[in-house]
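The structure appears below as structure tokens.
Just so it is clear, A, B, C and D label the chains in written order, and each chain counts residues from 1 on its own.
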Amino acid sequence: MSTDLGSKQNLIDEMLEVYPDKARKDRSKHYEINDENLINCGKCSIKSNMKSRPGVMTVRGCAYAGSKGVVWGPIKDMVHISHGPVGCGQYSWGTRRNYATGTLGVDNFTAMQITSDFQEKDIVFGGDKKLEEICREIKEMFPLAKGISIQSECPVGLIGDDIEAVAKKMTAEIGIPIIPVRCEGFRGVSQSLGHHIANDAIRDFLMGRRELEECGPYDVSIIGDYNIGGDAWASRILLEEMGLRVIAQWSGDGSINELAIAHKSKLNLIHCFRSMNYMCTTMEREYGVPWMEYNFFGPTKTIESLRAIADRFDDHIRDNCEKMIEKYRIQMDAIIGKYRPRLEGKKVMLLIGGLRPRHTIGAYEDLGMEIVAAGYEFGHKDDYTRTFPDLKEGTIIYDDPSAYELEELAQKLDIDLMGAGVKEKYVYHKMGIPFRQMHSWDYSGPYHGFDGFKVFARDMDMTVNSPVWDLLKDPQRKAVSV
Amino acid sequence: MTVKRFVKPVSVNPLTVGPSLGGVLAVQGCYRAIALLHGAQGCAAFSKSLLTRHFRDTIAVQTSALQEMDVIFDADRNLEEALNLVIAKHRPDLIVVIGTELTDVSGTDYSAFIRKYTREQASRGCLIIPVILPDFNGSLELGYSAVVEGIVDAVIQGQGGRAPGKPAAGQINLLPGSCLTPGDVMELKEIISDFGFEVITIPDLSTSLSGHLLTGFSPLTRGGAPLDDLKQMLRSRYTIAIGASMERPARRLQNAACIPYQVFSGIHGLCATDELLAFLQQLSGVSVPLRYRWQRENLLDSMLDAHFHYAGSSAVAALEPDHVLSMAAWLKEMGVMIKGLVAPCETQLLKEAEQEVWIGDLDDAETLGKGADLWISNCHGRKGAARIRASFLAAGFPVSDELGSYVNVSVGYRGAMDLVNRVGNMLIRREEARHEDRLCQ
Amino acid sequence: MTVKRFVKPVSVNPLTVGPSLGGVLAVQGCYRAIALLHGAQGCAAFSKSLLTRHFRDTIAVQTSALQEMDVIFDADRNLEEALNLVIAKHRPDLIVVIGTELTDVSGTDYSAFIRKYTREQASRGCLIIPVILPDFNGSLELGYSAVVEGIVDAVIQGQGGRAPGKPAAGQINLLPGSCLTPGDVMELKEIISDFGFEVITIPDLSTSLSGHLLTGFSPLTRGGAPLDDLKQMLRSRYTIAIGASMERPARRLQNAACIPYQVFSGIHGLCATDELLAFLQQLSGVSVPLRYRWQRENLLDSMLDAHFHYAGSSAVAALEPDHVLSMAAWLKEMGVMIKGLVAPCETQLLKEAEQEVWIGDLDDAETLGKGADLWISNCHGRKGAARIRASFLAAGFPVSDELGSYVNVSVGYRGAMDLVNRVGNMLIRREEARHEDRLCQ
Amino acid sequence: MSTDLGSKQNLIDEMLEVYPDKARKDRSKHYEINDENLINCGKCSIKSNMKSRPGVMTVRGCAYAGSKGVVWGPIKDMVHISHGPVGCGQYSWGTRRNYATGTLGVDNFTAMQITSDFQEKDIVFGGDKKLEEICREIKEMFPLAKGISIQSECPVGLIGDDIEAVAKKMTAEIGIPIIPVRCEGFRGVSQSLGHHIANDAIRDFLMGRRELEECGPYDVSIIGDYNIGGDAWASRILLEEMGLRVIAQWSGDGSINELAIAHKSKLNLIHCFRSMNYMCTTMEREYGVPWMEYNFFGPTKTIESLRAIADRFDDHIRDNCEKMIEKYRIQMDAIIGKYRPRLEGKKVMLLIGGLRPRHTIGAYEDLGMEIVAAGYEFGHKDDYTRTFPDLKEGTIIYDDPSAYELEELAQKLDIDLMGAGVKEKYVYHKMGIPFRQMHSWDYSGPYHGFDGFKVFARDMDMTVNSPVWDLLKDPQRKAVSV
């Protein structure tokens, strides 16, 4: 084993050799190899949540992406203004595949992309007047919208606009909550600060502001599920089947009201720890709502989580839970029986945001696949401590690696599947390495819950076992083309 | 004159794509180049991701990763660090430093810095060009042509007043506009070559973003026009600019090296192609090659086959300025009634156009297009088209929900024929669906 | 071995297209030729109308206009009158007299008559070839290759045992099968030419039915291979047959003039094209031209882009024998599961195939295809595909409800890429529609 | 005027010069130039319904096409077997665009093409046994079918099969009418005999065989409307609006029952005289049902016809009729106002089957268009006598012209629009002459009634005024391509 650890370390050292001294030293702190010690204590010395270096293209986004793209965007009965020049509004359009039911213009506005489309004069003279007009216009165009959020882009922060004042004034004037969010792209080292800023805005403007007509003993909220490809739906049905009542989804397929009543939950269930843990701790502190993490990727973890959730309630729920597990286990065994033989032993490398680098491990392992390296785009120390125990000894852990580092590692580790973001996708394709875009499930999903695992297993098989990889590598065919 | 605007303070379903993205796109058409977005990390991440999704390919872009304190104190330091690292690690031939609204609004004059940096680091042999493209001014087309102009300028300046070498009588500069796909660029290169010309293309997306599998770890562009070729531009006999937005760089070449130019603002359809080929025939003295005469026959025949399905139909198109007018000309050629043309911003071409054009967004296209049979726009229009029950043709940028749109050819006779047949089939299926209710299921 | 049949006495939504129509089609690929259908007026009217609707072009066909009494008493008289009139009025270079089931069942041996007629009228310099193609035997593919074989035979016999002239080392015979569109034939000719060969193509639909506007009143074919060219076939170095059904005419050339041949039964996709190009490379000693290397890169890249949308999907295909197996190979290359392959009749190729193939009709395709994502067949399958909710790709014959299908290119790397993207986009739209109900409208 | 007639005659003579003597003499008998005399007396010496010459490709079809394709095919609740080898069944599939409502496999089988797919052994040993099996199979596959027709192809007539005996036997066995139709393609000179044979079969097996529960004073049948592109529907609503009750449609969107009850009509209304006049005269003779021709092409003729029909009934109907005409006239004037200026003076040439060469004249004239030449594919003398009075002096009338003759005429007359069949279409396209396929309305329709005229007018405009014709002819552009 230690030989293995040693060879892994050599591999990392070799890879970093191309960098100038200072950069090499810096980057090496972002690497770690999992060992018994780390697995047991979970503590790590890995550097994370640091500023990315200029000239080293990371896969990270910005605060605006974290707030508008991740947290606020899915709230369906509000209009979210990308406030500033039009670029960001265009870029963040339709990238996350957050599904939401409803009727466009009535109780769902997610298919609309709204931007204040700053022109030069707005920069010169300030955009506050325009913002007021926009709020009025939105009220007119979308009279049924239940609220407005103002997602600031970079220039807004630079020209000294007072969006908070405008929001306050216009809330009074048009009679729906208008929430200013200071998520200018230059804030923080990644989208992660954007999550936090977005969370703060929820706390300051909505959390705890409304009452729930009838409270029940089984009321829970789903926190940190963005319903990508229908994830939250695949999760909710399990909780409901168990006998719980989901009173709020934060924020996939969610509504403004759900943001305002979640503090009435008996228990908050958090899936994406990274983007919403502030919300759970805040609700715990201010309203005494307990919370727990869960993991609905893959049957092993899903069953573990269902039992852990049931344990927070009574025998009634626990019985339901066991019956349900019994029922689904048969389905899941069939899925595993079908796909595991096709995926057994395949080596996987991951670089994703949020919770996925650790949460998806179980799902891969259920299929017999092995995680050989994993890391976060914008993880914090608490993410990493949660990750080590879930990974095998010898797994390489990295933080915010550059494209170059990833490509090197992928080749050196001879992986069978890479999971990362769309920006990385085609690099791996060109290397002949199967790839799944693991942010928005690459046109597919859901991946959560038992329903999601069926899709997950099929997708991994489809990706890894497509005949195109052999055609690509076939040396005989290559000769033809020379 | 005929440019109109809906009066509303907000943009709903914006059509505008930031000019900085257009700039990044143009850089992809130069070999061993990289775009460095001087702004927040997100600017680079977003445009890289959007371009990647459209082209389904790797995109060469870097960031100076500005944060709050950098903007306030010293953005040049970030830029210097970024340039140092990129040059040391990747040795690009060309870096285009694209200023964003972040740098623009904060008032950073980094072109002075770049001049200084270039002087000091000249030995490294890398061309560094600053182009400032804040998002609040223009759209993709503008950023793209500004970067091309910047590169042409730099090449001219690099010549430093020296004579550009012996004129190359058989050499043509091709400046393809931003609405051309890599497939289109390939087609244009082939057409011009078939008249016996050598073609220098800038930017040349056909060898960088048409999809190929050359491997390696370079985060630089893996195709496009090499810098050495670009220097040869000054010896060319003629410059052909496709799209009115490419006139500015063409004029630069004329002013600097007395190379005459011709702008083809029409790109799509029979008449536009006739004009290009008539010009090439005249310029080369070579008559139109057999292959294109066949293609013209095939095109005309397909127009005859299709005419009844087009006649009486109506369309709305929302595209970048050059693109929307060229499409409109093609639609007219096919007898389609135009319900509305929408562009994201005003340009000289639009001001002079006979056609009425609206400056607006996809929401305006939805308003104008009520009752239209056909909707042409980027992929974000798909839903709006469905709402007004129009058939949808994806064009422009981005088209991230279709395969192969980046290799679609819609220029030349072959491209026009493909367009005629593709859209014609949509109209046929549409008519069929209309009758479906009345028919046996 | 693997050829199967559903047991039912009736054909519901038949897939079979009469071989006589295939024969008429083959004739269209020869210049100044005409097919003379020896049968009832309706046989000619029907096949002319069906071919016209598919190709959206004029079709050269005539009829001996047999009626009841003619059949009973003397069909030869009608034939003679028809030949006299056609020759006198139009002076064709080639007449193929296609016997129908009417002549066959009535037992008319008109080939003896044609021999006699030819002897007597030899001075008129028109080649007259009888080919009997009753509808109850085989399908389009068979009639098409039988006519090609008949023409090749006649050319060989015309040589009368004389040496065929000096061998032409750079000359290749191309025998394109019936499932190739005029666009496909054009592409194959270009590919082979690009290796430095002269190509003699028979039949050459690319110059007759690709759509052109040469005017004039001739009811003869207005394009295709001239008879003089065909005579040069015997000097060629090699024969390339595309489609197993074209092996018989290729073998005739080998037997008569010792010209070796190669049959490419796979036509679609990367591997099939690799095989063709590897062969051409070896034969010519010229390495694969740059253009095709680029196209191969583009194709592989598009296959990578598309693979996820194909993987896990399933298809049913109902096409002529050569076509269905070639399509199946392409589907396999893309990772598509095959739910069923249906062909109208049995051939040697099908008997030897690894794939299971059903002899049947479109109704059988509907049965086999339950749950399939993709349905590939002629346009009559569109409704069946809709009933089983499969996406529909029109291929084969007839496709009379789409524009331009006759110029679609699906051979070569470029054709394969088009196929990958077109079908991939259908699968994407399909997946999108599946999610639609759950989404915001 | 007589100069004009003379020049027209010269034109015809010139055109026929290319033929050998005998052929020229023969063909010249198929031409006539309309003059006062012909207009007044309607008599003509034009030769028609003659055998086409071998080696002169006509646009005609065969008896099978006339029976299966035209008359029987549209009957929707029956299964029509193309009996013989598969070719004919394939060729006649989906060519006529007869619309029909209903549910596939329940009360509508028109989307299914059924053929007995003779193999060599069926030819050698005869097909009667197979035909029996087919009838049983159809009963099994389509248990709700209300009847079967057997449409004979050429070989059936040659090999001596006794389909009448099989039909009789199987009718008894499976309990639905099975109707043998001897429409082998070699019978007769054109599809016209097929119509007759098909009519005879209707007469012998269905006509008058069923009762109508409740008869009314306003019961009528539509005879000879095949509902191409919805024609019969556009006609039926007018009759119904007038107060009449349509008890049968022969045969567009028709059912077997309608074939068996039409003799209960108070009046039979015949549109396509050519294909179904036998049926009207038979019903008149055997059941005393009066009949009249009508013409629903173009507002002028439609209004004339509506009045003539109303005149066969009482004041109630006549009043309704006038009100209705008043209502529609406004719509029609608007249509004419829109399209006439774009079509005025355009010269039209026609070669069509059935009733259209004469029936459509009024519609063209309503749009200001001029018929310069017209003729029938398979007209009979009675068609021509009906045609002369409707045409202007100087119009050229021809019968069964060859492709060559048509093309010559079109050029010499410098026409603006040709209306014929699909086989002719592309010849005219290549000549740069706008063309409408006037058999199945070229993907469009309906053309009957007021609704149909809207489509007709739009279609003619779209065809004649498409910019493509100018592009095609532009000599400057042509120069580019040389």
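General observations
We adopt the following convention: a contact is a pair of C-beta atoms (placed from the backbone, for glycine too) under 8 Å apart; a residue touches a chain by one contact, two chains touch by 3 or more.
As the structure is a prediction and not an experimental result, all values here were calculated from the model.
Between the chain pairs C-D and B-D, more C-beta pairs are in contact across C-D.
Look at where the CA atoms of chain A average out and do the same for chain B: the two points lie 33 Å apart. For the pair chain A and chain D, the distance between C-alpha centroids works out to 65 Å.
The distance from the centre of chain B to the centre of chain D, with each centre set as the mean of the Cα atoms, comes to 53 Å.
Shared interface positions of chain A, defined as residues touching 2 or more other chains, are 104, 111, 426, 430, 472. Within chain C, the positions touching two or more other chains are listed as 56-57, 213-214, 297, 300-301, 304-305, 309, 428. If you draw each protein chain as a dot and join the dots that touch, the picture is not a line, a loop, a star, or fully joined; it has some other shape.
Those residues of chain C whose C-beta lies close enough to touch chain B in the complex are 56-57, 210-214, 294, 297-298, 300-302, 304-306, 309, 401-404, 407, 417-418, 420-421, 424-425, 428, 432. Those residues of chain C lying in contact with chain D across their complex are 8-14, 16-18, 20-21, 36, 39-50, 52-53, 56-59, 61-68, 70-71, 78-79, 81-86, 88-89, 100-102, 105-106, 134-137, 213-215, 217, 219, 344, 361, 363, 380, 383, 387. Partner chain D is touched in their complex by these residues of chain B: 270-271, 274, 277-278, 281, 287-288, 293, 296-297, 300-301, 303-305, 307-312, 332-335, 428, 431, 435, 438-441.
Within the complex formed with chain B, the chain A residues making contact are 18-20, 23, 51-65, 81, 84-95, 104, 111-120, 122-123, 130, 133-134, 137-138, 141, 153-155, 157-159, 184-191, 403-404, 407-408, 421-423, 425-427, 430-431, 472.
Against chain B, the residues of chain D that register as touching in their complex are 76, 99-104, 108, 110-111, 230, 233, 426, 429-430, 442-444, 458-459, 461-463, 465-468, 471-472, 477, 480-482.
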